[in-house]
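Every chain is named by a letter (A, B, C, D, E, F, G, H, I and J) in the order it is written, and numbering of its residues begins at 1.
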């Protein structure tokens, strides 16, 4: 079951704006209707809160904790749109980033591939458009 | 015969704006002049109406119903432009989306490949241009 | 319905051995169980009977007739293996070639792609193996 | 000899704006200096005049007539730039489109490939830049 | 847990020798040491027993049953080599084929990709070598 | 009209066996039935007669003469098989090579690509099979 | 030694704005420090001065003269940046174009590839960014 | 240990604005937590200070010194973000460029690839977005 | 320093012959002459000794131990040929396999890429040739 | 001018048979007829004489000396076949290898690419065929 409690963060290591992108090519969950597995790629992009952010703001997601968090979807029956929304919300809550974007790219079923994009905050133009 | 009655929708699962893209790589219809089969890829992109949309507004197209709808063009004699227009209009009517775009990409005949793009509503710049 | 009567042949234009390969990338039939469309590539390879072949032996398949023959599978409910066998048998009967090979390559369903190979006569080693 | 009389048009089948792209990958003409053949790809993009266009405005180019028109350059001795200009002018005159663009992409000679782009009317930003 | 009881077969539809290949690109199991998921492609190739095979010999694996069988490895902790061996043995027992081959191709960990090949019976030379 | 008189040869520059391959990616002729242009790649491979060959044996084809010879097919109405045969015969007559092979690879029509292979003399195994 | 005197121009063949791009994939010069050869691709893009340009303004670079000009760098010891600047300046002086751009793309040494871009005049946004 | 003292610069060779890009595809450092090696590509892009820059401003990084500087990270235990920041800061201090950008692209661990982008000064839009 | 003591093996899990291939794409060592880093891919292929092998024979290399062993070359000054030989000898000694092969594929220096292949025992034909 | 005196060798570092391949992708010479530059890739493959070879037999070519040797063709007017022969002969004389092979692959002129292969001694089957 998706478990945001697995996620940990560490302080942004710099005062200047950086953009971080993690591309997880081995995501799997299951279809809530048929129980069949779904396979896809999850791309996370964000600009972390600055190092000098106010108390309560976090920085960067720790990569191994993010991997385990993605693994926690493995046997969850959940739609494409809900996966995308859930990951965005869990990470936005954890990181309080300047902006954040999730793009999920699914291998598909029955000859149809799908891409879902969900943004949080002012995602710059150069990171919009499908992956 | 193309049958929009095959299409079903489900409510948008989130209040925040998302973009959904379905790429059907196995579309086929027939040429109304020669009866020869045409083969192409149909890309549907849209931003669904928000969850809290007024009554009468729908949300997201159900993927299996969309697949069957595309199959209903199989033996229809219909031009490239008309396929593109028809799919856009049927889905716009079903979904009342914030915006919607259809791009059809045809393998072509006689050494000429074709791409047709039809937009509905304010398609953002990052989703314009050919596929 | 698959119709071998659509096929026509013309005499091999040379006395020396040649190998001919036709790759049809836009084949479609339907699944006999679900009625869903199948899409694939059909590769035909053969060495035609020599120009001086005995009476009753034919030469090369006429390309347009072959295209129309492949189209005749469009709405046939037929398994991958049967498509492959049928095309091999129909062409071997038509052409009485030195050897002939059919390889069908299917886009697949549920994450599994399939390739079926059926040979007729002594196919040389360099044309064996999957496509 | 290039013959715009081969081109025919049909009325735009829709009132909403669409973009049409035809990519002819097998164009050939000859070099007016050396007589050697030139090979290239000709991409035509345009937004047709609306269905309700005033009298005298045409709509979409008929695909087979366009193919024959391109074939009429086969033995013409003509420079890259002139091919590009000529096709743009002939089609703009035929179609009176909202905008139209021709991009020719040449395999080249002596290790130099060339691309020529010619626009007619207000080509949108997303269709500018070389192919 | 891997369950060969999910597999079903159907009689070979032809008397002539054919070769069948199914490429499952979405296989996943877990590492028995770390519990982390493994992802890979499973390629099955075989020449089915002839239609006129003696009693007790089976023919071709039914594709949907094969898919469900592969899904049954999803939460199994099992090494690469054991996955490969197990699939070969389960299918050889089911199908009594002329020959059969399993090649597993793993995305890998720590910068090392792996391929495992296991043969049953006289696999022809053209199907040997890694995928 | 195809003109073998355009071809010239020069003596093989070495006594040891070499293999020469020329890949002409811009070949065009026309269809004798429809007059439409055909486009393809012509691959010539051969082992030239040794430098010390008996009188009357030639060596290597001069590259510019070969290019002009290929150009002479430009407006010829001729089938794929006949193009392949003709080039093989013209070059074999010119060069008296140890062996020679022509493979033509056509972009195709109506969704079917074609490859034709014609050998002269004992072409080694490593140069057989389709291109 | 780089010789702009090799360059010749011809009048722009049209009054409407066109964009011309020549991609020379076989450029070579030498490193002024080590004498080792450098290999790269030189891309020239420009919008020529209009046909009705004032006296003293030129049009389009003649392609063969451009090729010979590029060859004149062959044994010149010259840095990447200086090659790029020099070609831009020589062509801008020759052509007095609306704008012009040179992008050099070097295969590199010691595991580092390099790209240098030099603009002249108002290069449009769609032609900026690396090649 | 990363050593900016290895870096040397040379004066910008031109007064006009140019953009320089160096793509180092063989970067390696180590993970500060596990000691395992990390592998990635480091892309440096910048517009050098003009030739006529005030005293104290430098121009272009010397390529061999840059290579040795990158090598100095080989056995450093350092996070992705810190590598990116460090290279940007060291080069910005050395070169006082108009703008400068570092994009690091990591092969990744556990199925997740990462990209980090760090800008210095007004990086133009056409060089934003991940590589 | 290369340390075969890092390598561990486990018993072959099957009696039937299997082939195992591990492709390590992130190998690095250093040049013994210049101290510059070398980067390459190391492919290990082998048929393990059978499960019922005589005492003293080992089975399969444990993957994590192999990874650490490859890491131990990181700061070793060693030629391409010696790397290849060394890995082959260390693994052959550890595993006493039916046969074993190492292919190293180096990104190269000064525009020259290199591949080195070293075999142990009767490597089957289908695994010979360059990678 | 091609200078075999630039080549140096070092003793084969092993008693067991290895195969070495060097792929030089940046070769250039000039056409003896036109003076125009030719560009290509030179692949050298060989099995060196064993370490315990009789006096007078050499081992492996030193890579930097080989690079300089290839550079010495830069301004030589020489045909494709002669380049290939010359490199084979110079290296065979230097190394007295078990076998040796040169394959040159030329970017070509006038739309025709060329490949020349020259063998010395018993080149194994898996290294024959064009690159």
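Note that contacts are C-beta pairs under 8 Å (C-beta built on N, C-alpha and C of every residue); 3 or more make two chains touch, one makes a residue touch a chain.
Worth saying up front: this structure is predicted, and the values here are computed from it rather than measured.
J.: To lay subunit C over its twin subunit G by CA atoms, how big a turn is needed, in degrees to the nearest 5?
T.: 180
J.: Between subunit G and subunit J, what is the separation of their C-alpha centroids in Å?
T.: 34
J.: So how far apart, in whole Å, are subunit E and subunit F when each is placed at the average of its C-alpha atoms?
T.: Going by mean C-alpha positions, subunit E sits 44 Å from subunit F.
J.: Approximately how many whole Å separate the CA-defined centres of subunit A and subunit F?
T.: 56
J.: When the centre of a chain is set as the mean of its C-alpha atoms, what distance in Å lies between subunit B and subunit F?
T.: Distance between chain centres, rounded to whole Å: 47 Å.
J.: When you check subunit A against every other chain, which residues touch at least two of them?
T.: 25-26, 36, 39, 107, 109-111, 125 - these are the residues of subunit A that touch more than one other chain.
J.: Could you please write down every pair of chains that are in touch?
T.: Here the touching pairs of chains are A-B, A-C, A-E, A-H, B-C, B-D, B-F, C-E, C-F, D-F, D-G, D-J, E-H, E-I, F-J, G-H, G-I, G-J, H-I, I-J.
J.: Which stretch or stretches of subunit E touch subunit C in the complex?
T.: Touching subunit C from subunit E are residues 12-14, 16-26, 45, 60, 63-64, 66-67, 124-127.
J.: Going by the contact rule at the top, pick out the subunit H residues touching subunit A in the complex.
T.: Touch list, subunit H to subunit A: 79, 81-82, 84-85, 88, 108-120, 125, 128-130.
J.: Taking the complex as given, what residues does subunit A use to touch subunit C?
T.: Listed in rising order, the residues are 36, 39, 107, 109-111.
J.: If we count contacts the way the header does, which residues on subunit A are in touch with subunit E in the complex?
T.: 25-26, 28, 36-37, 39, 71, 74-75, 107
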